[in-house]
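One chain, subunit A, links the two complexes that follow: it is found with subunit B in the first and with subunit C in the second.
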Partner chain A sequence: MTKSNRRRIASLVRHGLLGLWAVIAFFPIYWMVATSFKPDTQWFAWPPVYFPDPPTLANYLNVWFGAEQYASTQYAISSQKPLVSLGNSAIIATASTVLAVLAGSVIAYGVSRYRILSEARMFQLLMLRMIPPIVVVAPLSLYYSAVGLLDTFTGLILVYFLTSLPYAVWMTKSFIDEVPREIEQAAEILGASRWRTMFEIVLPLIRSGLVATFLFILILTWSEYLLALIITKTQVTTVPIELSKYQGSTEGRVYGRQAALAVGITVPLMIVGLIIRRHLARGFSFGMVRR
Partner chain B sequence: MTPVLEASASPRELSRARAVARFKWCILAPLVALMALLLLPVLFLQLYFSLHQWTVYLGSWWEAEYVGLDLFAEVLTDPRFGWAVVRSLAFATGSTVGCFVIGFALAYLMRAPFRGHALYYVVFILPMLTVPVVVAYTAEMLLYQSGPINDLISRLAGVEFKPAWLTNPDIALFTVTLLEIWNWTPFSFIILTAGLAAVPREPVEAAEILGASKWRIFWEVELPLLRPVVLLALVLRFLEAMAEFPKTWALLQGGPGTATETLPIYIFLTTWQYFEISKGAAMSYLVMLMMIAIVLAAIALLRREKRSLDAMYGAAAPAAGAA
Partner chain C sequence: MARIELVNLTKTFGPVVAVRDLSCVIEDGEFVVFVGPSGCGKTTTLRMIAGFEDPSAGEVRIDGRVVNDVEPRDRGLGMVFQTHALFPHKNVAQNIEFGLRMKRVPRAERARRVRHVADQVHIAHLLDKMPGQCSGGEAQRVALARTLVTEPSTFLLDEPLSSLDAKLRRELRAECDRLHQALKRTFIYVTHDQEEAMTLADRIVVMRAGAVEQSGSPMQIYSDPVNAFVADFFGSPSMNLVAGEVVPVDGAKRFRSPRFDLPLPPRFAAVAPGRVTLGIRPEHVGVRRGDHGDTALPVRLVEPLGKDTLLYFDDGTPRAFIAVSEGLHLAELAPGAPVALAFDPARLHLFGEDGRRVGGEL
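What follows is the complex of A and B.
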């Protein structure tokens, strides 16, 4: 076998395997999108309908805008709740993430330059994230109802802030570590305080890193389910909870509606994820991948 | 610049050290206060409930009867709890290995640039960017017995293929494991891609010059260099899988029967469906201790790897005194 032949076969095998996984990875997403455009007779049809025929916007108009005329009475879901919960999710995810990135970058600066946390403490910080939330969620909800934080924005924001802090510290630290110290030393000689050096020199230098960290944590917070399920009731529904309300309702299987809702809450996440795709590894790697 | 006072420190260095200590506590104090206000009462309440028998049908929770370690004994002798532990470990191990094998294969195949590389990368990370609850509902749309997955496989293979993915108790746990693998293979893929890209060229080239085969270079040169990243991918994935709740809950609520009843699910059912708050708390306590043990072991492992990396490349952040 000649060398070029062998190379061609290798390339064929590679594309075969990668293509196979690409199909497996993409098909469920395609199915979700396709179902969201299907009229109700095709949601559950046999044989399955692979292309919506004719595609319809009825699911979207009904779920997101409560447009009754597009819904057969059986599937009418009339309120505009999803839009409200989308707003709630946006507020909660943004607020807790901004707080986490702010606190995280200040701590990370202290760790990177002044070792305010030892390496052991830095790893212990990960506990906030690694202990499954299920083991504290019941006492947390009792405590929250005692102090009046149950079903409030503040309550959820505080928990999300704490659970995303480890990632925020570790990720921003990886960016701060790359900033040369000479600049800070110059600022120090000119008499700038530590806080000023941090806020006016170092953090502006890593702003793209801060944005990446922000978006990374936003992804994790946006999809959180268990804590939101327990410590919010009716006032502060987030999108994953809103979606789960369509399950097991008396109307039976409302796949098209679910899919329209699912597309709406997944698309923002995918856009954000694709924007920062080059930084995703950094978020997860805790300084273990050297570039 | 070290925060630690040294014996021979001059007054100037002393005042500097004090300033750094002040700086340190300005940063850490609010955080410590928040954790004390939020986490301590929660942990205390959890301990209280695991030592006092209380359900929501009884009166005020602070008047619950003290029962000592009875609840822990009850949980430990509950076969359903034992099975939940087994299921959680099987689910976490299976999905960790699955994510790792597929993620590594993809990362390895994508190592050198080729046409279409960027497109594959984008498609491969999409599953991770899907809300877990959405994954569960989409899985239901795909996996019911006469649904599209069975239909597609039947058509491609030309034979009737009709497993009841969601209703057969023998395979339901396998189904959720597959979902977890689908959802989180991107995570392993991303970490391992970054790890492979960071393998230094020199040792590999040296081995090539010495005439080592590709296979041997991979096993004896590249894989040892990759070890920290491999461990990271395995450990983080395992911990996340142990905590997995949304997909399993939204899709099957632990059913059919108890087929997919992992630890988070069983705790959730005990607390929020059977309203046995105290039993749930005792269970949570045991699971928390177990997870803390696992996390500490994982952290020790990761720290050892990080130290060996630091020794190899020089610490990413030069020691504080060096600045």
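What follows is the complex of A and C.
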């Protein structure tokens, strides 16, 4: 066998395996999308129905808009407010993520440039995040009920902000470390204060890194379940909580409705990801700030 | 107007002493070049003047005022960095304008001054470009403009030309010189390039291992080095240094080594016999074809440079003994042939075992 033939076969095998893996990985996502368009008779059909036949918007209309004509079926869900929880999630996730990235980059700047935390302290900061949330969630809800933060926007934003702060510090620090000191010193000797230097020189330079950090934390907070479950009740529900309500109810699993909801709460993240994808590629392969 | 005094300045990084008890006065309007091999503390010294490093001991004074605790931005200095350190996300005009904006200069005034300074360093055509679109030489001009526009009392330049190619270096060196003449400000320039130091400086401060070895005009440093290190560091090709000894013969002193035996002029009469190093610059070695000289050495290599010819002789050490001869009339000397060499007695240096120069003043 010639060398080029060997290479061609190796490449075929490699791509075949990767393709297979891609199918395995993407199948559940496909299944979610497909199910969301299936009429209720096809949700648990055996043999499985791979393509909704005929595709229907009933799941979406019922879940998202509580459309009454679909509420008459056995699986009707009309008591929830998915749009409201989608709005809640958007507010809470965005606010806590923005706060975390802002505060995180300020702290990271201090660590990177003024050593306000030692290496050991930085590590401890990350370790803090390794504590299983289940450990803190009960005491936290006690405190929260005492100070009236239970079931409030402020309460959830605060706890998400604090739990994602370590990630924000660690990620942004690695980007700030890459910015040559001399660029900052040039700004300093030209008359810029330290804050000015940070906000006008350093942060714009690590823009892509900040965006990558933002998306990473946004995804975490967007899909956080446990804390939201315990410290919110009825006033401030988020989408993961909403999603859980379609499971294990007396009717069994309302797959179609749940899938329609799941698609709806995945799409916003995908849109954000698409909008900032140019930054993501740069952010996750950050290196050269210098020419 | 700025007169900068460094008083017993010391900087340590952990166990490493970067600068050791350095004292030096830089007069207003002077062009001083700190020069030395890498790691000699010259950049650390500059950074202490700028305020980016806090001295471990000693004082930095600007016009008599101790500035140890003054922030870099309040010292009234301007600095040009080796890496240019332009702001990559701002265009050239915004880069230049930055310092003025920090000083709250009105917009119209800023635009006027950016324009003016861009003309001054010939980068007016670059104002709308991003730093990434500029060549190395252009970027350094922008960096220069960015500093110039703030009209600092003193310019600190940290190896500003070391990342450029030879031709650009010469060009920008001339530019620096011209600016210094025109602005009449204090310039403190750090370089490891002795040629830059020689051509630019009013005064050269030679540093080694955190301490000043010698400070003086380029001519003093070149022709009157206080020790073998300074002698060796300056000049290209550098000074010939030959290890040997001083021996008394008939009431006079002679220098002897395996390949050399020559009489020393009377100013060395007081030098104690013993091991020394003889120093003589390549241009002070006379090459005599067939003639008698102080010694004769075989030619190892001939390098015709056009204006001069470099001759490398085998003096029994790995480092060749070099002579410079004007023109090309020796260019076809055959390697291996012994050639007579004569030394200009007025230009001989002797360095003792500790490297310090011994013998009479020149």
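Throughout what follows, the second predicted complex is superposed on the first by the 264 of 291 C-alpha atoms of A that agree within 3 Å, B and C clash if a C-alpha of one lies under 4 Å from a C-alpha of the other, contacts with A are read in each partner's own complex, and residues count from 1 in each chain.
Here, a contact is a pair of C-beta atoms (placed from the backbone, for glycine too) under 8 Å apart; a residue touches a chain by one contact, two chains touch by 3 or more.
Everything numeric in this text was worked out from a predicted model, so none of it was measured.
Set side by side, subunit B and subunit C differ in how many residues of subunit A they touch, and the one touching more is B. Once the two complexes are laid over each other on the shared chain, residue contacts for A:I219 go to subunit B alone; subunit C is not touched.
Of the two partner chains placed around the shared chain by superposition, subunit B and subunit C are both touched by A:Q185. Contacts of A:I24 after superposition on the shared chain: subunit B is touched, whereas subunit C is not. In the superposition on chain A, A:R277 contacts subunit B only, with no contact to subunit C. By the document's definition of touching, neither partner reaches A:R6: not subunit B, not subunit C. Judged by the touch definition given at the top, the superposed model places A:A262 against subunit B, while subunit C stays out of reach. Within the superposed three-chain model, A:P204 lies in touch with subunit C and out of touch with subunit B [touch as defined at top]. Judged by the touch definition given at the top, the superposed model places A:G110 against subunit B, while subunit C stays out of reach. Common to the subunit B and subunit C interfaces on subunit A are residues 185, 289-291. Subunit A meets subunit B in the complex at residues 11, 14-15, 17-18, 21-22, 24-29, 31-32, 35, 43, 46-48, 50, 103, 106-107, 110-117, 119-120, 123-124, 126-127, 130-136, 138-140, 142-143, 158-159, 162, 165, 173-174, 177, 181, 185, 194, 219, 222-223, 225-226, 230, 239-240, 243-244, 246-247, 255, 258-259, 262, 265-266, 269-270, 272-274, 277, 280-282, 284-291. Across the interface of their complex, subunit A is touched by residues 1-3, 19-20, 23-24, 27-28, 30-31, 34-35, 38-39, 41-43, 45-46, 49, 61, 102, 105-106, 109-110, 114, 116, 120-135, 137-139, 141-142, 146-148, 151, 182, 185-187, 190-191, 193-195, 197-198, 228-229, 232, 236, 239, 242-243, 245-246, 249-250, 263-264, 267-268, 271-272, 277, 280-281, 284-285, 287-288, 291-292, 295, 298-299, 302-303, 305-306, 309, 313, 316-320, 323 of subunit B.
By the touch rule above, subunit C contacts subunit A in their complex via residues 50-52, 71-73, 75, 77-79, 81-83, 85-89, 98-99, 102-103, 131-132, 139, 143, 146-147, 150.
The part of subunit A that touches subunit C in the complex is made up of residues 180, 182-183, 185-193, 196, 201, 204-205, 207, 289-291.
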